[in-house]
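Consider the two complexes below, in which chain A is the common component and chain B and chain C are the respective partners.
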Partner chain A sequence: MDENINNQSMRKSFGKSLLYTLPMFLLTFVLMTGGRPDFSDRHGTIALLITFVGLNILYFLMHYTGKTDKLRAVLFIVFALTLSFTLIKNMVDIRQTMTYSQGDILECNMPFCHLVIPMLILPAAFTQSIIYPGSILGGFASISAMVVLWLGASVILGRGFCSWGCFYGGWDDGFSRFRKRPVIRKIGDSWKWMPFAVLLMVALTSALALTPTYCDWICPFKAVTEFEEVTGIESAAKAGIFISLFGGLVVVLPILTRKRIQCSFLCPLGAINTLSNKVSPFTVKIDRQLCNDCLKCVQVCPVFALTKDDVKKGNVSIFCTKCGKCIDACPKQAIHYGIAGVPASRMVKFSRNIFLFVSFLFMAIFASGSIITVVKSFVNLFI
Partner chain B sequence: MDKIKMTAGMTWALVCLVFMIVFYFGLGSFATGFSKLPFMKLNPNTSGGEVAGEVVMDNCTLVIRKPVFEGFLGERRKGFVQVDWRGEVSENINDTVDFNFDQIPDFIIVINRDLNDASLIAFNPVVKDIGLSAPTSYGWSVRVRINK
Partner chain C sequence: MPESFILGLSSGSSCLLTCGMVIFPYLMARSAGTRRIITDLSLFLLTRFLVYFLLATLSFYFGKAIFTSPVFRNYISGILYIIFSGMLIWYAIRRSRKPGCPARIVETVNNRKLVPVLLGIVNSLGFCPALLLILTKSSAEGTIVQSYLAFLGFFAGTALYFIPLPLAGKIRKKKVFETIGVMATGLAGIIFMIKGITSLTGGFIYG
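After this line comes the complex of A and B, so read on.
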């Protein structure tokens, strides 16, 4: 019964949902086709249309069902899987392997990802230069384009970037949904400060060594993107660390805890994005008058952003990634997307509509390139 | 006060909405503009340093970079000099390099490309050993560790 009240409150009629989807429909079409649709490549056109329709169905369903998290997760997980596939495919096309060599580092043609950003800040400030062996502008995943993308998204979405923009988060998110109930329930809340320690460590070591130490030694996602060619003990140790961390923090622990463990306890960029939550106009709010303290939100939050005390105070902590899981789970409809400065329970629908539009548009366009690549590969196989 | 906060919040949210719509259309220009910022250049430790000189040989060109000693806060005592062979590089490299252009050879570098084996004969006392030696798309590159 409670579940129905929740669904009905945010869900819209079929016609109204279509109307709300129309701007997304137009914008995604223009942005995905570059404003000049070219249908000369048959397989490319099929892949584009499948992706375009799929994205807009998801957005339509967010309005029609009133649910956010599960639909967001579909795109988020697909984004992570297709991005890894695209990256590996790109590596294999260029280098015939998913490992990179010393020569690739010397030539500075390593693709750049947003997780490197925390390591660039201090050297950029003190040496006026970038310490990552990638391309500043142009080529595949240039430093400039990725930093601008992350900056823009972080200012607008805050730590919402971690649930709506990060192309690795879908791995954690996906594995955290494998089991219906967690095996490990009690996890110390203080672990969520760990990413700040990691951030401090990698920022300092990278500055002192003038190399991106997190990428070189820690990043679990090297296991599903690219890693250094194993040529000796050091590179073998690195590969071992990447695979172990991926297996432990991204696969096993999320399955056992139903939490995004890597995102919550390791990611240094997540720590920076936590701070950017202070800048973003979009928040999640708790209406204390409706809340019955069932603490279901605390239980389902995948990133430890809610505690019993937070709920009692009616605050959502800065660790929130705005995934919408607590909103969908709340039986009393006491939690909702909000806008900074606007009190809880006011302009609830407007806040959700505007946040969904902004965040979904960002993820849809960011993800569309890799999804199209993968869909096209499948189309090539079957048609 | 509450009304001011609400208005400010709403305005900021609407600005973000407009910015997100414009964002992807202008991404190319934003990225180009961002790349022109003073710190958007590769650190010499990453890029290998600026080209100091070139020696044109039979089938390839020997590119000698400026020695790199840049550290986080000032210069380091230990650095490297990068040497690139560009073009049709022979199977066995055996070249004498004068990286400081004082007309006195600083080291001889011998590379067997098939075995990926590199060795160094140092004449200049600041030259230590080979840091990196790897094939590249343009030929071969070596970083030789040096002291100041």
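After this line comes the complex of A and C, so read on.
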């Protein structure tokens, strides 16, 4: 299995790509239909087929073209958009509004998202209670389901979760692709430690106040999910903060910098996921023998995971989200997916095939539910 | 108590940035090993604890006479929060962090056994908006026990930074921890700024 990637492309022939897509084809079909295909709902079946075919075409193209990032981004952005649509639709169906009231909090009617996880750990350890007003097992997005999904994905993918599993990441990933060239180029490297400061503050304040302070005060994604009803000065201040953060960190700065600013500088879960890169079996490696120090990888990395020094040393930092942008951009094919413990330039194709299979399958299954819902809504509109 | 702890925690980080350079050498320089540092540090923390205990008692009884109206207290609290947040944000953004700590006064003291006690007194009495805030808060408490608890939370928050002191030399990647600490201080400043403005505008509207 040892191989050197010198002068080798990740591209595969049409037949070989089809062969590699076959296991994904079968698994996504089984998982999306729950193993018991039911075609009695015509519109539902059409939505399922469109989603199923679309997902498998993307995976096929990853093998056929040898490119990762742009194809991943298509699904990642669609995932973020459709999930927000589905969530808002659900909220409007249940509450007739995107806002939640104190009554919804008291009745534990809040859907759970993975960004709350860092705030649960300390209170759960000290008070044996979950401080989020959501359902532990049932409901639209239960706490246990989200925690298990995140934990499993983080152990396997490391911070790859941020590019292959997070249903918010697609928002700033999408906006970071709006312009061809960045307007703001110089950003201090030390800012990438900011999520750890946010994590420190929200973990402590949540533990002390026994409320999820990040969701309560900071989370910018309330702009595309649900938010507190404005009833006074405090709730108005909260609304002002999340709208400003969404506008600044998710829309404007990613457009101006071509970087995922919210993910890089604010997300407290990103800080924990950064640490999970230490246990993940999948890594991104630089082959120093092939590298010509053009630093294109540093320029394109959306999460500040690569510096000039990292490239010189042949290291990719723990901030890497394994999006594949640097791999696709490298003119010498010196960067590749790898497996922890295996030296750079060894088992290159094998590592990529395994990583793509695991990460794409996770994202496809995680995203398919909301994509099917949105496609079905469109089918209902037009047919 | 949670709010007092957060106040202490935020004030502790800025306190460490300014006073750390003065306090640490005095507690560590002439000490013989970890045991000596732990003794001096315990003495330093005990002195601070006693000073806060005294302040809690005084603020509870005298505060009732000064802050006769809760609206007035709301204004004072809001203004102090804004000053304090400004101070924290300033600590976080300024380029050079030269120590300007009142604890420099101990440089004139020769008796080394007195140094931790003096440092404890000066450090806990140092003019700081966070201390004024906790004094305002303590004076508003219903019972003296609640007043003590408010100061206890503040003490715990500030003391947290001094506990790893004996291990300071063994910490790797100090620069990273310092960066995260500075950023957390700035964030705390923003949080208190919002709290101050909310408190002040709330006072104006509902007062």
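As a working rule, the second predicted complex is superposed on the first by the 375 of 383 C-alpha atoms of A that agree within 3 Å, B and C clash if a C-alpha of one lies under 4 Å from a C-alpha of the other, contacts with A are read in each partner's own complex, and residues count from 1 in each chain.
Criterion: contacts are C-beta pairs under 8 Å (C-beta built on N, C-alpha and C of every residue); 3 or more make two chains touch, one makes a residue touch a chain.
Everything numeric in this text was worked out from a predicted model, so none of it was measured.
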Check: Does chain B (first) or chain C (second) touch A:D38, or do both, or does neither?
Finding: neither
Notebook entry, point to check: In the superposed arrangement, which partner chain does A:T205 touch: chain B (first), chain C (second), both, or neither?
Noted result: second
Notebook entry, point to check: chain B or chain C: which reaches more residues on chain A?
Noted result: B
Note to self: I'd like to know which partner A:D309 touches here: chain B for first, chain C for second, both or neither.
What the structure shows: neither
Notebook entry, point to check: What is the contact status of A:D293 with respect to chain B (first) and chain C (second): first, second, both, or neither?
Noted result: neither
Margin query: On the A-aligned overlay, A:I354 touches which partner chain: chain B = first, chain C = second, or both, or neither?
Written below: first
Margin query: I'd like to know which partner A:L27 touches here: chain B for first, chain C for second, both or neither.
Written below: first
Item checked: Residues of chain A that lie at the interface with chain B and also at the interface with chain C -> 208, 210
Next item on the list: Please name which positions on chain C make contact with chain A in the complex.
Entry: 2-3, 5-6, 9, 176, 179-181, 183-184, 186-188, 191, 194, 197-198, 201-202, 205
Next item on the list: Within their complex, state which residues of chain A touch chain C.
Entry: 190, 193-194, 196-198, 200-201, 204-205, 208-210, 217, 233-234, 237, 241
Note to self: For a test of understanding, state which residues of chain B touch chain A in their complex under the given definition.
What the structure shows: 2, 5-10, 12-14, 16-17, 19-21, 23-25, 27, 30-32, 34-35, 38-48, 70-73, 82, 132-138, 141, 143
Item checked: For the chain A and chain B complex, residues of the former touching the latter -> 27, 31, 101-103, 106-108, 122-133, 136-137, 142-145, 147-149, 152, 155-156, 207-208, 210-211, 280-282, 339-343, 351, 354, 357-358, 361-362, 365
